[in-house]
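Chain nomenclature is as follows: A, B, C, D and E, assigned in order of appearance, with residue numbering initiated at 1 for each chain independently.
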Amino acid sequence: ADDVTLQLKWVTQAQFAGYYVALENGFYSDEDLNVTIKPGGPDIAPTQVLAGGGADVTVEWMPAALAAREKGLPMVNIAQPFKSSGMMLTCRKDAGVATTDDFAGKTLGVWFFGNEFPFLSWMSQLGLSTDGGDAGVEVLKQGFNVDPILNGQAACVSTMTYNEYWQVIDAGLSPDDLTTFKYEDQGVATLEDGLYALEENLADPAFEDKMVRFVRASMKGWKWAEENPEDAAMIVLDYDETGAQTEAHQVRMMGEIAKLTAGSNGTLVEADYERTVASLLAGGSDPVITAAPEGAWTHAITDKALN
Amino acid sequence: MRNVVPIFTVLLAIVGAWWLAVAPMNIRPALDIAERGGAMIVPEGSVERRDVSVWRLMLDNRDHVVAGYDLKRPRLPTPAQVGNELWKTTGAMVAKGRAWSKRSLIYHGWVTLHSTLWGFLLGTTLGILGAVAIVYSRVVDMSLMPWAIISQTVPIVALAPMIIVVSNQVGIEGRGVPKAIISAYLCYFPVLVSMVKGLRSPSSSELDLLKTYHASGFQSFLKLRLPASVPYLFTALKVGIAAALVGTIVGELPTGAISGLGARILIGDQFGTPLAIWSALFCAAILAGALVTVLDITQRFTLRKMGFRS
Amino acid sequence: MTSNAPNSLPQEIPGQSPAAETVISAQNLSLTFETADGPVHALKDVSLDINKGDFVSFIGPSGCGKTTFLRVMADLEQPTGGQISVNGVSPREARLNRAYGYVFQAAGLYPWRTIGGNIRLPLEIMGYDKADQAERVTRVLEMVDLAGFEKKFPWQLSGGMQQRASIARALAFDADILLMDEPFGALDEIVRDHLNEQLLDLWAKTGKTIGFVTHSIPEAVFLSTKIVVMSPRPGRVTDVIESPLPKERPLEIRDTPEFLEVAHRVREGLRAGHSYD
Amino acid sequence: MTSNAPNSLPQEIPGQSPAAETVISAQNLSLTFETADGPVHALKDVSLDINKGDFVSFIGPSGCGKTTFLRVMADLEQPTGGQISVNGVSPREARLNRAYGYVFQAAGLYPWRTIGGNIRLPLEIMGYDKADQAERVTRVLEMVDLAGFEKKFPWQLSGGMQQRASIARALAFDADILLMDEPFGALDEIVRDHLNEQLLDLWAKTGKTIGFVTHSIPEAVFLSTKIVVMSPRPGRVTDVIESPLPKERPLEIRDTPEFLEVAHRVREGLRAGHSYD
Amino acid sequence: MIWIVGMLVFWAAAWACNVWLANSAFSDKRAVRIAVPLIFGLTILVLWEGLVRGFGVSQVILPPPSQVISVFAASTDLLWIDFVQTVAKGALRGFMIGAFAAFVAAVLIDRSAFLTRGLLPIGNFVAALPIVGIAPILVNWFGFDWQSKAAVVVVMVFFPILVNTVQGLRETDAMQRDLMRTYAAGYLQTLFKLRLPAAMPFIFNGLKIATTLALIGAIVAEYFGSPTRGMGFRISTGVGSLSIDLVWAEIFVSALVGSAFYGAVAWIEKRVTFWHPSQRG
């Protein structure tokens, strides 16, 4: 069997259910693959792991991948299991945020580590400076949790529809107390969880073939997960080494994830890609990328995988 | 042993102060919850309350103070809550025969202990070898010593991801080795410093004595410098193991380790479960205590055996 | 200042003639330490002959170079001028031949070794075989009255006993020169008296040549066949006194006029040109 | 064992009669330390009177309670039995009245203060005014021959000079009792001789009452008007010897028959019941 | 290849130079004492440069020092902002508050033998714990800005300084204390004239340990939330956006600041405890 190492973007959770399902249900071994899944974490940059040869393929968000590409790391999107973005900004009504016009002068929690790009280009489209001051917004590098909105340190925090949002709800705030801004609704959505590999590796037909089989099995896993959300969540739980994930939370996450993967067979939709690039190029004074990238994606893998 | 009574008194006082501090620390979330549950709180609205001191809040909402002692997400948990959580994740797991389950702190403690021990081994070996080199070579002494100090001012957290990537690149899998390297990085320094002191502790007359015997350099190392440094070695080991544990946990914190006590702290933070953080912290403390105690006992035993007066 | 032992030397050699065998011979020996505050003349133009079987005491105020002289003999310090020979060869060769036993001011026993282990130390280093080691340890322990203490650790012994053990350590191997640098300096007078008697006894039994540094006039007079009085800045020998005392010396000898007479001469020698700091 | 100074005491009081003023008076004094190995009887039934202007030496083997006795006088240790009075009051009151100067075996100068600063220490604590402090420091430094060393740090001085500085520190304020616990124990004999002469000189000049612990018989005899011989287990006084030597004592007095006679008596006193280790 | 050979040659030459310097007659001269470690450090940089270039290591994994230096030079204003945020506001303030609190606590504890006996072992124990772990809690309590970083630093430096100070205050020998007793000196007099001066070497020992802890504490705490500036912030986002050269520039600043901080404390120590044998050389 051929070895494939997959680097995840974050810790083991239902966000990556498709891969775990494919592993657990033997979809990978059916393709004669021996897959190792490496969970990520707050200080793991999947791009760097890829560059260092620690993984063959990685789950990454497109803004980060394109930024890395501009830094000289030739990452190529080979598949896009997530159709839509799950990013949103969750705000407290009692902090006085009802519309995007209320942002000025407020403190907003944002994830960095390569996840800040969509936010930054959104703010620049809104014409808000992110360097503080009355005209702009005060940006906090949000840690790993949603505490800032709970104890009033921030008016809004970044959340994912499938994860952090529910932590806010679990903490006792009700949806009525909150205003949410989905990036999708704001027209600033960028592509999330895609699969990326290095250009030079893809030039090798053997590697390409491995990727074809990998993507095929992974997509099979994703579709199975969409149909069997509860079982998928249980599989994820079994692989969670932290022992901190709870069943209820993972089942709920799986449900939300299914909404994002629905509508994708794994093939990157070019229009989504163009929209992402446009949004990133518009990143104000300090754009994420300075020129439209060349060769940042390929349909070669998905074309072969899905036929 | 005459210290037992004072130690317990002080411990008791600390726990008492902690317990008392829970009320002011938790009054705001407690009032928020009560208000959402329909209770009348003065003043109304959590935003308004931010400008009121906790003491005022406690005075004005006396009935709700106790609620602070039973929050699901306390800012400061009570000692009992922490104890309970610790028990649930250790003793109770053992009782259920699931000591090695991923939900058990015994398992995570073991993961941390494991790389701590490797880091400790690596660090002490490096420290001792470095000390020998420094004591026997002037060049090494002059060039290495300042950098050893400087090395400790480098924030290893910054190096952690790179250590992971680099060790990945040279073909090392998993987080164990990088964590051990980080922990060795913190551990080697106190060992080095202390061993240099120890290897240099023989007086010049003790060294001269061997010279009159025409002893070789290796003989004087084996028969004098090494045994003379044993008490220093143990002091170093005790500091070193604590440093190694700190290193492992620091290594687990930002590198997104998926198991181990540092990872529990991280996960506890990510999922907003403060009790998980607190129990991991206490577990780390217990681990540190146990490790140092083991070394302490070994030290007493060895030194007594060797004839040093303790 | 060659010394032709005139009388009652406890040498094994029968004819106590001017032809007595010279063991250590120093000619115009100098040693200057270069320090941050300028050169220190620890020894300047020191000439001295020590015969086989002599018991030579070095006395003088602090800093006069007693220790330095002893260390030069033992090749622990290199002279910067003059000659010195030991057993006809250089100190270095003598050291490599293991010609010395050296006893320091503090007993300097290794605390992690038992008394027996400490005495065995030089034997191990010099590669004596196991059986020989054991035999020698037993013998020297008896010699210094410490039989039965072999298994004890140093700190389980009094200061006087520790010092005896350190002497035993220097006796355990076959060095025929014993150099002692204020070996009893840290002990109280009464214990000291006792050790002095034992040392004389040992010296008579073994016939070794002994170089002995002391600050105590009675001690020097009581023990020595030859007393070397030194003076500082620069360190030099100001007087060499041959003792007229008999070989047999009970403690009471210290109240005899001969003793007091020698002591007086030593004191005068010390007084001359002595500054008190 | 009350002592009525019989002769040649260097007291300022003219009539050296049995009525001489008693400064320290101990009756059946006992002190038992409770240790892990059982009680240690450091002092048992010690009675002694010290008169104003006496120079009293305490001599005895290690562990006989010399230090303990001195410390009881200075209220550094509490007796477990018997009475002791100092200047007619309890040691505690005497201490609070600052009646003592105490000199320890090691100089015990604070290394972070200059020599001058060390001598000034008691004066600062006792609240002397600045000008007085400076004046006293200069005076006592001269007294101990250390003029010019005021600005030096202790570690820049030799052991003998440090010990003199520590004596100066004890002299700087107006204590009329000086207690010295083996002040010269760490020094070499020659420096010691010199300091002994200076101490006698000082004593004559100031007329203080001095309690002095030593291990050296010649030192005790040379210095004292009264020699207290002690013996251990339990610590007790075995002999009190009044010295017949005159107040003026050149170093040569040590070669006189009177001196040797007293020394002999002390040695006999010590020898009785002394074990050597 | 040329890089690797060149690097090896440089290495050999530098080492030979150091051997010669260290064993030469002026090895005690100040200039040599500084030159030898500098040459050593330079060698490491050259080795690093040679290895990275020789083996063509990707710059997103390990950039060569030359690139780090140019990024350092190009981003001084950014580095300065981070320095102010993390060092001047977080670490330094935390250090001062922690040191002061520990010092006062030590003097108070020291008055009671009972407390000392009870607290010293506990303090020693706590000083050995991985206290950085409380960073997420303190960030939650004290907010995102420098206050929470300072709080982490306070807690981290408190115990080493406390323990060392208490230990130091007990360090006077019996004779020195007895001397004070014979003068019938009061508590404050004994404290100021004897015990504090005698404790200084210990206090400085604690302060020196605390200097390295302070920086690490402030930086780690930024991982759990921070404004969009600070060394920890820059390091973690730098890794995420593969600006590894900037990360190294921050590491460089941290080492520089840490060494300077340590050096400053050691310098003051030298002045204050000039009398201690360890300082007299």
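The rule is simple: a residue touches a chain if its C-beta (ideal position, glycine included) is under 8 Å from a C-beta of that chain, and two chains touch if they have at least 3 such contacts.
All figures in this text were calculated on a predicted structure; none of them were measured in a lab.
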Give me the step distance from chain B to chain D, shortest route via touching chains only. 2
Degree value of the rotation bringing chain C onto chain D, based on Cα positions, nearest 5: 175
Please state whether D-E or A-B has more C-beta contact pairs across its interface. A-B
Which chain lies the greatest distance away from chain C when centres are computed from Cα atoms alone? A
Mean-CA-position distance for chain E and chain B (Å): 18
Chain centre separation in whole Å, for chain E relative to chain C (CA means): 51
Need the CA-centroid distance for the pair chain A / chain C, whole Å please. 85
Mind checking the centre-to-centre distance between chain C and chain D? Centres are C-alpha means, answer in whole Å. 34
Numbers and ranges of chain A residues touching at least 2 other chains: 42-43, 45, 48, 51-52, 143-145, 147, 151
Taking each residue of chain B in turn, which ones touch at least two of the other chains? 75, 157, 161, 165-166, 169, 254, 266, 268-269
Can you work out from the touch definition every pair of chains that touches here? A-B, A-E, B-C, B-E, C-D, D-E
Chain D-touching residues of chain E, taken from the complex the two chains share: 173, 175-176, 178-185, 189, 193-194, 197-198, 200, 273-277, 280
Could you list, by residue number, the parts of chain B that touch chain C in their complex? 203, 205-206, 208-215, 219, 223-224, 227-228, 230, 306-309
Help me check something: in the complex, which residues belonging to chain E touch chain B? 15, 18-19, 21-23, 27, 32-33, 36-37, 39-41, 44, 61-62, 114-115, 117-119, 121-122, 125, 128-130, 132-137, 140-141, 211-212, 215-216, 219-220, 223-224, 231-232, 235-236, 239, 244, 247, 250-251, 254-255, 257-259, 261-262
Per the touch rule above, chain D residues touching chain E in the complex are 71, 74-76, 95-96, 98, 100-102, 104, 106, 108, 110-112, 121-122, 124-126, 153, 155
Chain B contacts chain A in the complex at 28-29, 32-33, 36, 45-47, 50, 73, 75, 101-104, 107-108, 157, 160-161, 164-166, 168-169, 254-259, 263-264, 266-273, 276
